[in-house]
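One structure is given below, encoded as structure tokens.
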Amino acid sequence: MSGAAPHLGAEGATPAAKGQTTYVDAIREGLREEMARDERVFLLGEDIGVYGGAFKVTDGLIAEFGEERVIDTPISETAIVGAAVGAAMMGMRPVAEMQFIDFISCAFDMITNFAAKSRYRHGVGVPLVIRGPSGGGVHGGPFHSQNPEGYFAHTPGLKVVQPATAYDAKGLIKAAIRDDDPVLFFEHKFLYRRIKEELPAEDYVVPIGKAAVRRAGRDLTVVTYGAMVWTALEAAKTLEAEGIDVEVVDLRTLFPMDENTVLESVAKTNKAILLHEATRTGGIGAEIAAVLSERCFEYLDGPLVRVTAPDTPVPYSPPLEEAFLPNAEKVCRAARALAAY
Amino acid sequence: MSGAAPHLGAEGATPAAKGQTTYVDAIREGLREEMARDERVFLLGEDIGVYGGAFKVTDGLIAEFGEERVIDTPISETAIVGAAVGAAMMGMRPVAEMQFIDFISCAFDMITNFAAKSRYRHGVGVPLVIRGPSGGGVHGGPFHSQNPEGYFAHTPGLKVVQPATAYDAKGLIKAAIRDDDPVLFFEHKFLYRRIKEELPAEDYVVPIGKAAVRRAGRDLTVVTYGAMVWTALEAAKTLEAEGIDVEVVDLRTLFPMDENTVLESVAKTNKAILLHEATRTGGIGAEIAAVLSERCFEYLDGPLVRVTAPDTPVPYSPPLEEAFLPNAEKVCRAARALAAY
Amino acid sequence: MDLTRDQKLELYRYMRLNRVVEERLVNLYRQGKVVGGLYRSLGQEATSVGTAYALAKGDIVGPLIRNLGVVLVMGYTPRDVMTQYMARATSPSGGKDCNLHFGKPERGVISPISMLGALIPVMAGIALAGRMQKKNLVAMTWIGDGGTSTGAFHEGLNFAAVQKLPLVVVAENNGWAYSTPFRKQTAAPNLVSKAAAYGIPGEQVDGNDVLAVYGVARRAVDRARSGEGPTLIESLTYRMKGHAEHDAQAYVPKAELEEWRQRDPLERYTRVLLESATATADELAAVDRSISEEVDREVESAEKAPLPSPEAANQDVYAPRVAEGEPVVVRRRS
Amino acid sequence: MDLTRDQKLELYRYMRLNRVVEERLVNLYRQGKVVGGLYRSLGQEATSVGTAYALAKGDIVGPLIRNLGVVLVMGYTPRDVMTQYMARATSPSGGKDCNLHFGKPERGVISPISMLGALIPVMAGIALAGRMQKKNLVAMTWIGDGGTSTGAFHEGLNFAAVQKLPLVVVAENNGWAYSTPFRKQTAAPNLVSKAAAYGIPGEQVDGNDVLAVYGVARRAVDRARSGEGPTLIESLTYRMKGHAEHDAQAYVPKAELEEWRQRDPLERYTRVLLESATATADELAAVDRSISEEVDREVESAEKAPLPSPEAANQDVYAPRVAEGEPVVVRRRS
């Protein structure tokens, strides 16, 4: 784990200790630093300027950089992403916000057909970033809780990242902005104000395409990303007491995936749980299973087990959403069965 | 194989022998029969009426059923699907055409958020069908050759089918229209006029959610669907001569998948190749790998091998597209290695 | 088209009901009983009530989350709304979806999804089906000034215009889309000018004058029902609260807010009723009292409603499977 | 804004070049040398040439697949176009994409994707970037009557209008969208009426009169360059061939086609040049001859161009990886 171990799990936000940076502040810091160092970087989206964004991710940036570089747009996801594509082709570095990541569906064509395929079609790179809050746990209902990263991981030409820590949130947003290809940056809204850690004072990036081993273990590997990293760590703690030693791999970049780190881990532990909050069929877990069963077959001492949300929309009412979301208990159950296998 | 073994592989269309029905005609017959038996069924899409559709799938239907039931729409995929959603909620049975399935990206929000989630959200079913030509092999370039089924198989609430034979094309379109949920019906344009077979005179449906074993074999299973079924069968023939006995499973329904048929086959052959024309990462093959490695682990005697298009857009120029598309030779190579494993 | 006295009082009743239900929701919200956000319609009651009131039995609406008055006119109860906001099992969506996201065609209401604009093509489809089914129904839906910037708005309205569908689209220009002022949403001077793009009639109305709203809506509904196609109505009104309860609307000029407070639609309509001697102050007070009591009872019963049980989370993604071989029942061509 | 004699001849030259290149493409198509479909611009040359000619160096276009004249004006060669249609390695897209799908910002051309409307927001982004980069450039793009029904058209033009971007959108009303006639595409009487929805100027022009087209486009370009924002131009023209070469356009009324044949833009302009004594018949014949020879040479060299090698299929999905630790070069704030 980079930096101090972040706090997680409290229902409300706890004020950051002196010197500690929350996940949401880390993203803002990353944006601010990149805007300061590179005048090509600009932001556009709904209510990101004057209001500072629905989750205040861009709070204060319009005051610092002006409304030419922090643009409040109409409610037009296709125009937001489309304008970002055009500007990126001109050498700019646009960062487009989706107010909730669910609305990315309204820009699906622009992202998967224009942005993703441009370099391949004629060598015209599209260095844009699309970012926004994804994920559940806050009773947002079917349209404010989705995890659509799987769609985009099935789209060649895109890069897809999702940070689990404040350190990575800052380092990955900076890397995403500097990347020469379109990067989709999925934030997890549950983490915004629930985790924090001390960040380095100096400039750093977290390279796109590199996973991190968050906890070393011998008995089985949990491959996961985003908020579920914390769920995996929580489960690992419980399981440790039971004598099951879990390794936790945080993918950080979902596409193109750091297959080597996953393979090395599972080649060592010989068993794997694939954990994500997105729905099961066709999710990132399926891809990891495919990679492992193709490239790591001889090392597998047990079935590959997915712990994911079921194949349903995200329900709104707390008891329903709780049933829907993966949690540490569900991971523990799967891990016990797998360890005993 | 249902009916007579269809002809495949010739570059041009061969005229159907007496009594034989091509894949494209089978779809049209299915539409026509359902329109005749159920006045709730109607069609809408671009150029499907007077012109009969870019691929003539709906040719002649406007003459038979009138322009109220065969509606030429503006170029508005979101409105086409949206209107179909509304009409379906009212008890109609709309069938919307995407002129090329690539344009389904322009209706992505309407499909994945409105159509897919309505029943779950308040019990309002949306019995619509969205159909259109997918797939490559005709040098259509990046926007007229895509295989986007994977996106929709990751969307709970939708059903996704893709017929490989004329028999199934007719039986599945009829089942799709009668289904009470939204069904995405992916046609493969390469098959439209290249395969044909004799079809039963009487009314029949091919049930959604049931795979078919197209060829029994002992040594390994190729799980596939759509045009690649023919590729698998072609490879199986070559491999037979080499003493490798291949079983070919045609999924027909991609989501929700007939896992049992796949599991039974692989439990018997103990090895599997996952073959599809769509790009690799996050495709249907990944899902099959996940299902097999989770539920069939003890039966696996070798790695699960994907033979798919690479993670790139679909290139246009013939040598590039040939390199891109899976073919029998690529399947044979994978099968030989796996058989020798 | 002239309203009877009873109808005029009914308009009052719905507007008051709209306001009182919402006030109770604010209480519940402050008590932490509302799950998620609360989206206010304060100051916009005349638009919801006046437009929906122009419809007839069998017509179908597609409201947005501020159109509380619409679902009340359509016959949903205060309890329906409160159980929704409290995520209860007995709410219209059974706890699956939030706030005003509910409806069934049989009840004359189609639920929106959050994605703004998406309802417009869907309501066009409702109108299309109604025509095919010879139901002579009118479909009505609402969209914010912000929502008119979406592609779905454009595609849906254009499709409806080409098909001459019986659809009425009410564009509620309340000055703001979350924190975004009208002039950053569109360079057009108003929303009604967007009708020209579709070759359909556009009408602008003072959205805080319920009788004027009703009149314009009624004309549009009549046109729709007689086969003359869609109308775009621009209702000029104002969002008196933040985007949601958590939003203190710091970005809104205080003077503008004060100006619109003077035009409160319920106060205005009360004055109209009194000045025209349509009702006495006592009569209106009696209506208010009965509403207050009704809503009290509804709150009480809503609070007792159970939360859904976890098993429901996995249910109803798909229709129950039709047993194999079982014939599918369809209406045959006559 | 007045054109010199040389400029007027240049307009003629580009229109003729447009037509001759396309005729050769038809030959190649009939010989089976074109890979995939061929999309004609016969009868629409004046619109492509007249609009693009109004631009200055540094301006950027986003043409559609019928805008052959545009890419020629922008400096792409007949060989570029022919190698594209023949899927050759040396074509602008290296065989990765088809027909007129090519371009690079450095060359002043942005490639469309097939999805109609999508270019409009992208070109708005080009204009936005140009303004941020203080390039004083104008972006111009084209859309068909059919393409105006897309959500992307609406969102893009609305965004450009709000931002007052230097964007010119040319709506080519050629009567048809594939087999769909104008009246099934929109209930508006014309396309220019759609400008009102965005609060921007709209101008309608006879699209087969190249000088008129140039004049209108030039005014729009000047407005854009001086900071007055976007213009929507409706160019009234006609699609003289089917949607693509395989389409015999059986659905087109013969009389309508004949009527428009009388208004052929190239013949009309030839008459104008002769009648105004701007050029002699001999001079124009000389231009025609030189174009014919040029295109002959280009066809010959295009036919010799190699097909791409299979390895290229897997290349250039992503930028070459920047070596780790290597500093990313950026322009610092000055």
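By written order: A, B, C and D. Residues from 1 in each chain.
Heads up, the rule we're going with is that a contact is a pair of C-beta atoms (placed from the backbone, for glycine too) under 8 Å apart; a residue touches a chain by one contact, two chains touch by 3 or more.
Predicted model, so just to flag it, every value in this text is computed and none were measured.
Among the remaining chains, the Cα-based centre furthest from that of subunit D is the centre of C.
Across B-C and B-D, it is B-C that has more C-beta pairs touching. Centre-to-centre spacing of subunit A and subunit B amounts to 32 Å, using the average Cα coordinate of each chain. Rounded to a whole number, the gap between the C-alpha centres of subunit B and subunit C is 40 angstrom. Taking the mean of the C-alpha atoms as each chain's centre, subunit A and subunit C sit 36 Å apart.
Residue positions 73-74, 76, 78-79, 102, 105-106, 109, 113, 117, 120-121, 142-143, 156-157, 256, 310-313, 315 of subunit A each touch two or more of the other chains. Among the residues of subunit D, those in touch with two or more other chains are 93, 96-97, 101, 113-115, 149-152, 155, 158-159, 162, 184-186, 317.
Residue ranges on subunit D touching subunit A, taken from their complex, read 92-94, 96-97, 101-105, 110-111, 113-115, 118, 120-130, 132-133, 139, 151-152, 155-156, 158-159, 162-163, 316-319, 322, 324, 328, 330-333. Contact residues of subunit A toward subunit B in the complex are 102, 105-106, 108-109, 112-113, 116-117, 120-121, 142-143, 150-151, 153-154, 156-157, 255-257, 274, 279, 281-287, 289-290, 292-295, 297, 300, 302-306, 310-313, 315. Residues 149-155, 158-159, 161-162, 164, 183-189, 193-194, 196-200, 229 of subunit D are the ones touching subunit C in the complex.
Per the touch definition, subunit D reaches subunit B in the complex via residues 35-36, 87-89, 93, 95-98, 101, 113-117, 146-147, 149-152, 177-180, 184-186, 251, 307-314, 317. Only residues 36-40, 42, 68-69, 71, 73-74, 76-92, 94, 109-110, 113-114, 117-125, 156-157, 159, 178-181, 207, 256 of subunit B touch subunit C when the two sit together in their complex.
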